[in-house]
Structures are given as structure tokens and as C-alpha cells.
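See the structures that follow.
There are two complexes below, and they share chain A, which is joined by chain B in the first and by chain C in the second.
Up next is the complex of A and B:
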């Protein structure tokens, strides 16, 4: 046996292995595989969970950015800390619409236009063994309004004043929220985790800044934060004194795996039970290997913000909307795992309006651009390098706009620098991002004059007035009408190129049963168990 | 000799001061600060921003901030991470030990493998296969080897130990063995053509013993190359660490920079610059020890 032969054999083995590996992972399989879509609506509610000592491992695509729920901004923050903390109300999803149900609150009653009475459930314990009282609620809500970026957005009015004038404590479990003015979306906003409840002494201890000790991460939720290693993992443990249905699993480990290949390999090999942030082009591969893939319509509206101070002419902004073929983008870029935007809020929100679409129309776009004297203009398009999908999208948008005579230069930026440029300095022409609101009203406040999430500095007094009227309007059908009107106005004013609502795609091993997923890419582990 | 070492230590101090200053200035001049990170797409009210700025020294000019950080570095209080609140010193030491373990283990496995392979190729004559394999090893960057390893494990349905040292160690060894094999083999071959080896051969020394002599001759250059890579891995095998979520120094740097966690960033640069500088000195001393010619010069 000569050496050349041996060497040839080794090379061949490597080549075969490499091609097998690359084929089964990196290329798409044909559509010949039958697909069954497990929907989140078909959940079997067990009377009680089989208590298991199992560990559930979940792969996340991004790290958490904080351990303070009131500072949570990213999907991962709410995913991890959402197991530790709870709010007065809770957001649920039935497979088509969101609902807001009382959670820490047993009952509530609107006393008059500006006063709401709440009564807490009995016997709720914090993870430090203390009982939940109205004092904790008062301190938590006040801290949220004071410190939390999102809390402030949820609970302040157009002039930046807090909508809550006072929280009056009646006894340990009852309190009245006094409003400055009537505010109809109050319940929805108290369901957001940015208004989560923590012990009063913790809230006061960190009155002026973020919580900076894992010891002080204390909520009323089913899991406790045991340890957190930045960039690597967060470990949570079941809280045995939890007031609600105790989770079936004992330990919850979040692994931070930013690399898409790593997440796919992790779930295929059984190193994790659940993987979030699954790229649509991997779905068929995963299913072929017996992995369950869940898909839920998302709330994240991917858009290209148009700086309204630099491009004040509404004709141009509309032209940019006509210049884009949304269904082609959804089909090609997202493999169909997105919904073309038919309005400015995801269809999962009750009362989200379906509006007259901007159909792909190059000649109309050209006409409008000519009319506005905007032809031949050069624009910069900012995109954050955090999401590879966004960078791809930028290139697609560039091509479409070139076809209507607008030259686009793509500028890629590191995420924090991007945030500063877009939301603080407002120094851009076009920028790609995707807000993920928790309620319809909140989604609309993004477009209020001077709102902190209003990157393109869009301002229309009519929108501001309509939003105020919605907040005050008690009659439901009238409110619905106003909601429709304001969505219509923003949609037509086009402070952004409205693109699509990204689907939430989550992969889970077949042994994971009873998993539910919210459109915010939040896993609900209430009735989850390992089968 | 002592003066020599003292001079070198002064040089370490200088390196630490410069690198911390440079890294901090770059981080500060880069758009966005920890408050931007904290608030994401939202913004704090002006008085809260002021409060936080004062707490993080951001209201002072950059040189004053730097002086404050320097003062802290040398008094041993490295502050706490802005985001997790963990003391920077504990955080960095933990990550540093992880990285050091990885670097040392990789160096040992790589060197052991290289010596074995070079022995087999120069003494036993399996030259061609190993040269080809070395080319395969060097043809891809470490992180791609990591991905290949991971995909193979996934295919075999074997659990991937995320967070443990095993995967990064295997990856860095596979990716490193090619280059060090080539270096060592060339050195040994050069040694074999030296007259002193000819002499040993003439007196009838076996090939295996000749190899040991040649290895001794090759060591100084090889050690310099290996120490250089060791330093790089301690500073952070960023891509490999990220891939396998191994909590080392590289991931720490990336996370600290992207979240503008200045105390951690400063701690990282102080630790790494002093390590690299000390490693440099250590390399010189080691060189002196294994190469008698240099020892005598000094």
C-alpha cells in the first residue's frame, strides 16, 4: 500500500464529509417535505403540570443588555427577565389576536374618568419571601415612569407629563390609580413588562439608576435569576413559592449563541431544547431532521424611516413607498416568513386597521418624484450591523430606489452608534429598523411629535390631537373610528417606507410539549413540559 | 541584569498607560455612550440623563475621566460593570483564567502534536501526508474549523458542550497545528543540514537522538512563535469564543465595547497590555535560558 493512495483516501473522506455537511445545512431543501405547522392556539391545558426536575436549555441569538426589568429594551431582555418579573396585567395570544388579562390584580374597577381601583390577588410572594403589597406596586410604577425609557413612553402624555398623577393606597392589597386625564389604554400599558412590579425597597434603592446586583433581581415570577455570565449564559431556577401554576421544569438555562450555525447545530445535536431567532431558510432542514418549528405572526414592523425634516415633501415619501415591491421582498428575502404591511400596526393587535396598500408602481413613483423635483437626489441609508437580515434588506431597497431614479448610499454602523445617529441626533436620510410595540396605542405613539421613538421626527398636529382624543374617548365604537383615522393619516403621510411584519420563528425539539409563543418573540412556559 | 529587568518593568507600565489611554479615547470618541445603550431606542428625561452622566463621570472632560480611571487602576479598585454591577476585578480575573487556561492548553496540545508529527515526518518519513494535512489545517481560519467541528457533532447527534473549554481547545488546536508543524519542520530540517548534526551522525548517533538535538536547536525560534500565539489567545480568540459561548477575554472585550462598559473596557486593556508586555519579557528570558549564545552576550 503506497502513501499516495492513503493520502488520496483521506482527501476523499474530507471532501465527502464537507459536501455532506454543507449540503445538509447550508443549502435549502426542495419543497417536497410535508410541513405541519404547530400553532400556538392548540395548547392542551393540563390540570397540573407534571413536576419535573428537568433542565430546559434555550439558545438566544442576542445577549440580554441589562438585569433591570425597567431598563429592558431588547427581545432577549424580556425573554429572560420576563420569567422573573410580572406586571399587574398580562398579555396573552390566542393565535390571531392579543388580549390583556388581569394577572397580579384580582379585580379592578373604573371609579370615574380618572380613577381606577385595583385589588391585588392574595398570597403573592416575592422571590425574597416577602408578600406583595400595594406599596410595592406604587414604588415600582413610580420608578418605571421615572427611569424606564419604555415605561415613560407608556405612561406619559403628549406633553411628556406622567398620565398618573398619584397612586393612592387604601390598604395592603387595594390601591387607586389617579389619572391626570382619562387614559383608555391604561390596562394595556400596565401589562407591559416595563411596568413590572419589584419589592419597594429594591425600587427605592435603585431610584436613580439601573439595578446592578443579581441579588436584587427579585420579582414575583415563576423563576429566579441564579447567575448571569455576560455574553455566555443566564441560569434561572424554579421559584417554589410561586403563587400561580408552578412550571414543570426545575432549571432554565439561556445560552447566548449569536452565530446562526451554532444555534442550528445546538438544536440538531440536542445541546439545547429550544432555539429562537431561526432564519426562515433553515426551516425545511430543521423539519427534515425531526425538529418542530413554530411560526407566529410578529409585532415587529420592519421599516425604512424617512427623515421628515430632510424630506418634508409627502409626495417623495409616498413615491418611496410605491417604489418597493413588498411581496417580492417577503417572498425572496424572508422566504415567506413575514406579512406584507397592510397598516402601521401588526394584525395581531385588536383594532389594527387594514389600509389601502401602496402597490408596487414604478411609473407612479417616478411621476411623484419628478413632480416634487426630487429626481437624481442622493440619499444615505443607515443600517445597523447587528442584524445581517437588515443589511441584506438595505441592498434590496437600494436596488428598488435606483429603479425610480433615487441614488442610495448604504452606511453600515455598529448598533449603539446607529441608535445615537437615528434616535438622538436624527442625522440620517433613511434608516432601517423595526419597532416592536406591545399595544396598538403604544405603536401609534411612536409617531407623535417629539416622541423619543420618533426617529424620523415626523410631526403632524392632527395625529397628536387624534391620539389625545383616543385616550379620552370612552365610547368603544367611536374610539375604534378614531383609531382607524389616525392610522390612516400616518400611513398616508409616510414617515417611513412600511415593509413587513416579521414572523417569529422558533425551533424546538419534539420532546418539548405545550410551548406557547407570543408575537413579541416571547416564550410562554406556563404549560410547557418535557414529554 | 536587575537594571535590565527594572527597565523592562518601566516599559510595561508605559505600555499599560498608553493602551488604556488609546482604547478609552477611541471608545469615548465612538458615537454613543452607556446611557444610549441603556435606553436603546428610547431616551431618558434630561434630569435622569444628567444624574447618570454624573455617576459615570461622563460630565467631565475625557482626560479627567482617564485620570480617574488610572487612579482607580493603581489603587486596585477597578470599579463595577455598568450593566451587571459585578466588580470589574473579579469579572476580569475569572475571564482571564478562562482565556489563560485555553491558551496554555492549546499551546501544549499544539506543541505536543507538532513535535510528534515532525518526528514522524523527519525520522519515520511520513512527510507528504503531513505536509498536505498541514496545508488543510492552515487553509481555513479557526472559526471556520469551529463551525465544521460543530456541524460534524450535530450530524452525529452528539451534544455540543457550549461554554466548556473542549470545543475552543479542539478548534484552536486543529487550526494551529498546521502552521506550527510547518515552522517546526523547517527548523528541524535546517538543523539537520547543520555541521554539528553531521558530526553527531558521523559518530553514529541514532536518528531519534539526532532529532532531540535538532529539537533543542530549533526551540528558541519555535518558542517565540508559540508565545506570540499564546498572547493572542489570552487577549481573546474572539470568534471562537463567541461561537461556543466560551466566557473568555475576547468575548468580554467585544461585549464591553458594544455596550460601552467603560470600567470593564479599561480593566481589559490594563490586564491584556500588561500580560503581553510581561510575556515579551518572559520570552526574552526564556530565550536566554534555552539559547546559551544569548545568555553569554548579556
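Up next is the complex of A and C:
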């Protein structure tokens, strides 16, 4: 027995020594090899994809929470189900800005303030062999507004009423969306996958609850869901009747690997072709081993929400913003894989305003805090354990706030408990999270009075009025002005410490060609092939 | 051979306790000092165990982590030992309904996996040093209860206790003089053994993100904070793991040795 322990002890000592030795070896190797890899996504245009029988394996960091696109909420949900389903419009990214382009829709026209005419593309088939018609669209949009958490937020107004009063079908391919009131961001919101189109039969069958059989996961997209094992994998197969450009690969397998080390070893060993959720700290290690690392500016704004009911003094909230050295965080903690927040919406959104920055200024922060009589206050900072980077960030924020005389106690919580505490109970002083909106308007609605994603309970009637006016303003230049105004107001009111927009970092083996990445951490496999 | 291993184990534990107690003097930097410009540095003369992803000195954190981990483990163990042993004795001596009710309650708690009880408690009362200690002590209490109850019952049927009773010794006197003395031989080695359990449980809770809140280091939350850096900076996670393994092995060896010594001592007495 004791002999065994002795062996164990010796083994451990050897393991520790080995780790030091291997490290010095690794660093030397890392330093001697410099590889330049494209850091922005590049588009490879091919006339048609070479049809391959290949299987593409992708490692995801989180499991999907549902197989029903209208119930989808997480990044992983949209990543997997986004191959199966399509919406009337589609969000594309050209390397600097997002665009919302007609997709299942061929043409559309605004008839008057509250009526929009849409005509569907011809010859679009669902994966069950049925043709896409306006009836499917009507049923799908109505189901989305009825059931979908995000669909509801996208397609209801501030009072919680649906913005769509009726969908009038003209014939199989044409329909009119009648609005209760003018709503200018309609197209952007119809591009979200939460408003994806499914066959009418399926929508009616699951009118009151989530789809529970993979057989009923039917969309118009390039891949069909073949099987899904909770916590393990989702397997998709090419849909040969796809109306658009058919994907080159035959099988698509998503492997759920929540452990960061497991994802890294999987891609190094070649057991997956693509890994998402790559920490910036890993980039050099991966590149040294010949793995390509892609990055795009993300839409995820990492912020520290400030509970406005507990800290009503705007001077304190601004002081907290001045207390943070954002460029140091971006440069060091994020290794440059982020953009310092210059506004409350990611620069990839058209019309996102670049505002006067909160420059790092300790003396100004101290002054404001003393002026407000807030010095020596103790605050709690809530952080979810789901993201290790957030936990690190919390400790950095703690140090910065200590320097301006605010003591912070960090409380870490399991993710669901965290969400409840922040968005339902609003029981916190400060909380770290990062919303990932799909449109500028949607990003701004987080800050409406009593909005469901308004964690800090920020309320400014001016913001509410401006948002209503934007929804009604048809004149584009006037609307742009209003957009700028509302962003300015929220930015100055500081219901959060605005930190940075996190880059989306994806690792892929060199054989993966033509991969594109959207700023929502969504892969675009349209022109992807194995080279 | 056996004696040597035990001595080494004792040396390791003493060294760790020494580091933990004198953490303030030994740690070259404050454990919370973030230095973003010097993150993930390999071991060097200025930082003998390197720096972590926030540029903090790993050696300083490790010394404080020993303090926190030992403090949490000893605190939770002491509470569990006091409550568990006291109730176990009461249960054995009073018998009848008291015994039945207490045994039933602790059997129910004991039947549930300790780890899940601890998670449930932490979710209710919130994480932190005190929360973690409370969670760990509740999972350990039933073990001390059962141990002391069965040992006490064994003592109570012995002839000399019967004699004492016949001579009119009070219940309290029996509890302290006869039962208590014998219990020590059972409970103390068990406590040393349980100390390793408490340390392991604290580490496990921290690895799943519960337990002591950052920036306070503990052996467990150092592992959880550094585990994603195995490929970039393997020394970060290797050191706390090695220390936990060494501590647990040493404590187990010590508990065994102590068990033997105490029994021999009691027999001689």
C-alpha cells in the first residue's frame, strides 16, 4: 500500500518536471516558426462547388438547447439549425459591414407605411419534397411571433403587441405583411433565423410547443438534420434538392466539446476540421502547429452592467467607465482579438455610431466618484462561470475599480442562476455579460424601459420615444440622425461599463477552404470545400 | 521503509502548513496583483513558478491557496467532527426514539452523493469561503455520526461500563470517561483521513466553478482557472494538481500510521 503511494508521489514529481521541460521546448518551437495566416475571412468564389463525399467535423463549445429553430436562443442553436432552415432574408458580411439581402424572397416592395408586398423565389423545395408557398410563410411567421422568445422580441412593439397585424396571401408565391404601425427595421428582423420558414403542416402540428422529433426538423436549407444526441453530436446530411448552390460536402457533424483543451487537441489531432470558441491565448500554439486561425470582428459587446436602480447617479456610472483601461484589456487580456467599444453597437452594423470614447482617466473617475459621495462604497460583481474569460475579466475590473476607490466583491454563479439573477430578479450591483444582437435596432431595444434583456433596469423616456420614432421614420437620413441620437444618449447615461467587441475566433485545419464566418459566431459553409 | 514514508508525509504536511501560516511573509507579491503586461510568463528568477493569465505571480497565489484550502478543509472538518461525534454519542447513549430519528436523518443525508449535496447547498447559500466550508461539513457530518455511534455502542456493552453503571456512574461521566476516550482512537485517524477528503471536495467544487470566489486563490480554483492553458502554459495547472495529490497521499499515509499508533497506545494503557 505504502509502496504504491511512493510510486504515485514519484510519478507526480516526474509529471511536474516534464511539464516544465515540455514548456520550454514548446516556447522555443513557437518562437522559431513565424507563419502568416490571413486574419480576415476571405471569400473564394467558385462557379460551382466540386461535389465531394467528404465529411466535415466541427467542434462546438456548447450543446444546442433545442431542435426547434423558433425556440433557438444560443449561438450553437443557430449554428447547427442554421444549416437546415432559412429565413425570408439573409444576413451577409463583406468583411466590414453586415447586409440584409433577400433570400427566400425574390422581390419585395413597400406599398404604404404599413403594408409590404413580398414575392417568393420560384422552385424552392422543403426537405420533405414539398414546394415552399406563401401559406408556409404565414404559418411560420405566426408561429414565430407566438412561441419564439427572440421572434417575439423582434416582432413585437414596446407594449408587447405583435407589429404584424395580418399576413394576406395573394397567391402561392405572393403575400402582403400588414403592420399595426410603421416599422422600419422589418427587413432586418425577418432576416433573423428566429423567424425561419418551416412547412405549414409542421408549424400547425407544433402550434403550442417545441418540435420534439428530428423527423419534423424540416427547412429549405442545404443540410438535413439526420440525428442529434444530446450533449454529444448532431449529424447533418446534404439536401440534394437544395435550391441554391449545393454544398461541396456530403456530411456535416457537429461535436459538442465544452472543454477548451478537448477542442484544441481535437483539431491538432485532426479528429475535427473546425473548432469554434477558440481563446486568443491559443492562437500562437495552434498556428505553430500549422492550424489556420480565422477572425472577424464580432457583434458581442462585452460589458459590465450597472444596476441603475442601485446606482442612480449618472456621475458614478460614468466614473466607472473612465476607471477602465480598455486598450490594455484588449491588447493584453484579449491579445488584440477584440475592438475597444466606441459605441453601444458593433461597428459591423451599418449606422452604428462611433461616439466620444471614455478614455482611461483615473483622476477624472476619482473626482466624479468623490463629487457623488460614492467613495469607499462596496459593490458586488456577478459573473457566470460559463465563460472563463469573463471570470478573468471580472478580476481585472476589480483591480481597476479598486484604484479609484470602489471595492468590488466578485460572486461567480452557474450560468442559469446568473441569468435569473440578472434578467429576472435584477439582484446585483454589477454583472458581466455580452449581448449578441442581429441588428442595430434590436441592439438598442435592450435599453428600452422594462425590456426583457434590460438587466440593469435602465430607463430613460427619451430613449423610448426615440426608438418609437426610429420605427416610424421612413426618411432614411432623418432615421440615421435619430439612430445617432439614441446611441449617444444611452452611451452617456452609461447603464453599463462598455468594454469591447469580442472577435470571433475560429480554428480550421489547412485542408478547409472557402470558409466564411459571420460576426455572430456563425460559420458560412456555402463555398466551403475540402482541398 | 514504512516509517520513512510516514516521516516524509509528515514533513510534507508540516511544510505546507508552514507555508500556509506564513503566507504573508513568504509570498513575494500580493496574490491579487494583476499585471497584464507580464501574463503567462514561464518560471524565472523573478517569478519562480511563472505568471498566470492575468500576470499574477503563481507562487504567491499557491502559498495563499494552501492557506485557503487548509482553512476551508480544517474549518469544515472541525464543524463536522464536533456535530457528528456529539450527536453520535448522544444517539448511542440515549438510544430508543432519539437514536432512531437521528440515525434515520443521517442515513438519508449519507445516502445522497456528497458532491451533489455540496452543490445544492452552495446554490442555496451562495459560494464563498463560509458557504464552501458549510457545504463540505454537511457532507462529512454523517460519516462522523455513524463512526462515533457504532464505536460508542461497542463501548457501552463492555463489562467495565456495565460495572460503572451498576456502581452509579452518571450518564455524563460514562460518556466522557469511557466512551469519549475510546472514540478518540477511532475519530482522530478518521479526521486526518477526512481532511484529505475535505481538500479534494473543495478542489472539485472549485473546478466546477463553485467554491471560493476569485480573486481569492484555492488549490481547486487555481486548477479551474488554469486548466484551459494546458497547451500554452502547462506548469500553471501542473503545480496545484501535484500539490493536491501529494497532500492527499500524505494525509492518507499519516491517518493509517496514526490509527496504528493510537490503537497500540490505548491497548497499552
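By our rule, the second predicted complex is superposed on the first by the 492 of 531 C-alpha atoms of A that agree within 3 Å, B and C clash if a C-alpha of one lies under 4 Å from a C-alpha of the other, contacts with A are read in each partner's own complex, and residues count from 1 in each chain.
Note that a contact is a pair of C-beta atoms (placed from the backbone, for glycine too) under 8 Å apart; a residue touches a chain by one contact, two chains touch by 3 or more.
Not measured: the values here are computed from a predicted model.
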Partner chain in contact with A:354 - chain B first, chain C second, else both or neither: neither
Which of chain B and chain C A:231 touches, first, second, both or neither: first
Partner chain(s) touched by A:394 [first = chain B, second = chain C, both, neither]: second
First (chain B), second (chain C), both or neither touched by A:204: neither
Partner chain in contact with A:414 - chain B first, chain C second, else both or neither: both
More chain A residues in contact - chain B or chain C: B
Touching partner for A:261 - first (chain B), second (chain C), both, neither: both
Overlap of the chain B and chain C footprints on chain A, listed as residue numbers: 3, 6, 20, 24, 261, 264-265, 414, 417
Chain C residues touching chain A - in the complex, by the definition given at the top: 1-2, 5, 32-34, 36-37, 39-40, 42-43, 53-55, 123, 126-128, 208-210, 213-215, 225, 227-235, 238-239, 241-242, 245-246, 249, 252-253, 256
Residues of chain A that touch chain C when the two form their complex: 1-3, 5-6, 8-9, 12-13, 15-16, 19-20, 22-24, 27, 260-261, 264-265, 279, 281-282, 284-285, 328-329, 331-333, 385, 388, 391-392, 394-396, 398-399, 409-414, 417
Contact set on chain A toward chain B in their complex: 3-4, 6-7, 10-11, 14, 17-18, 20-21, 24-25, 63, 65-67, 71, 73-74, 146-147, 149-150, 152-153, 160, 208-214, 228-233, 255-259, 261-262, 264-266, 268-272, 414-417, 419-421, 423-425, 433, 435, 452-453, 455
Touching residues on chain B, where the partner in the complex is chain A: 30-32, 36-45, 48, 51-52, 55, 80-85, 126, 128-129, 132-133, 136, 147-148, 150-163, 242-247, 251-252, 254-255, 258-260
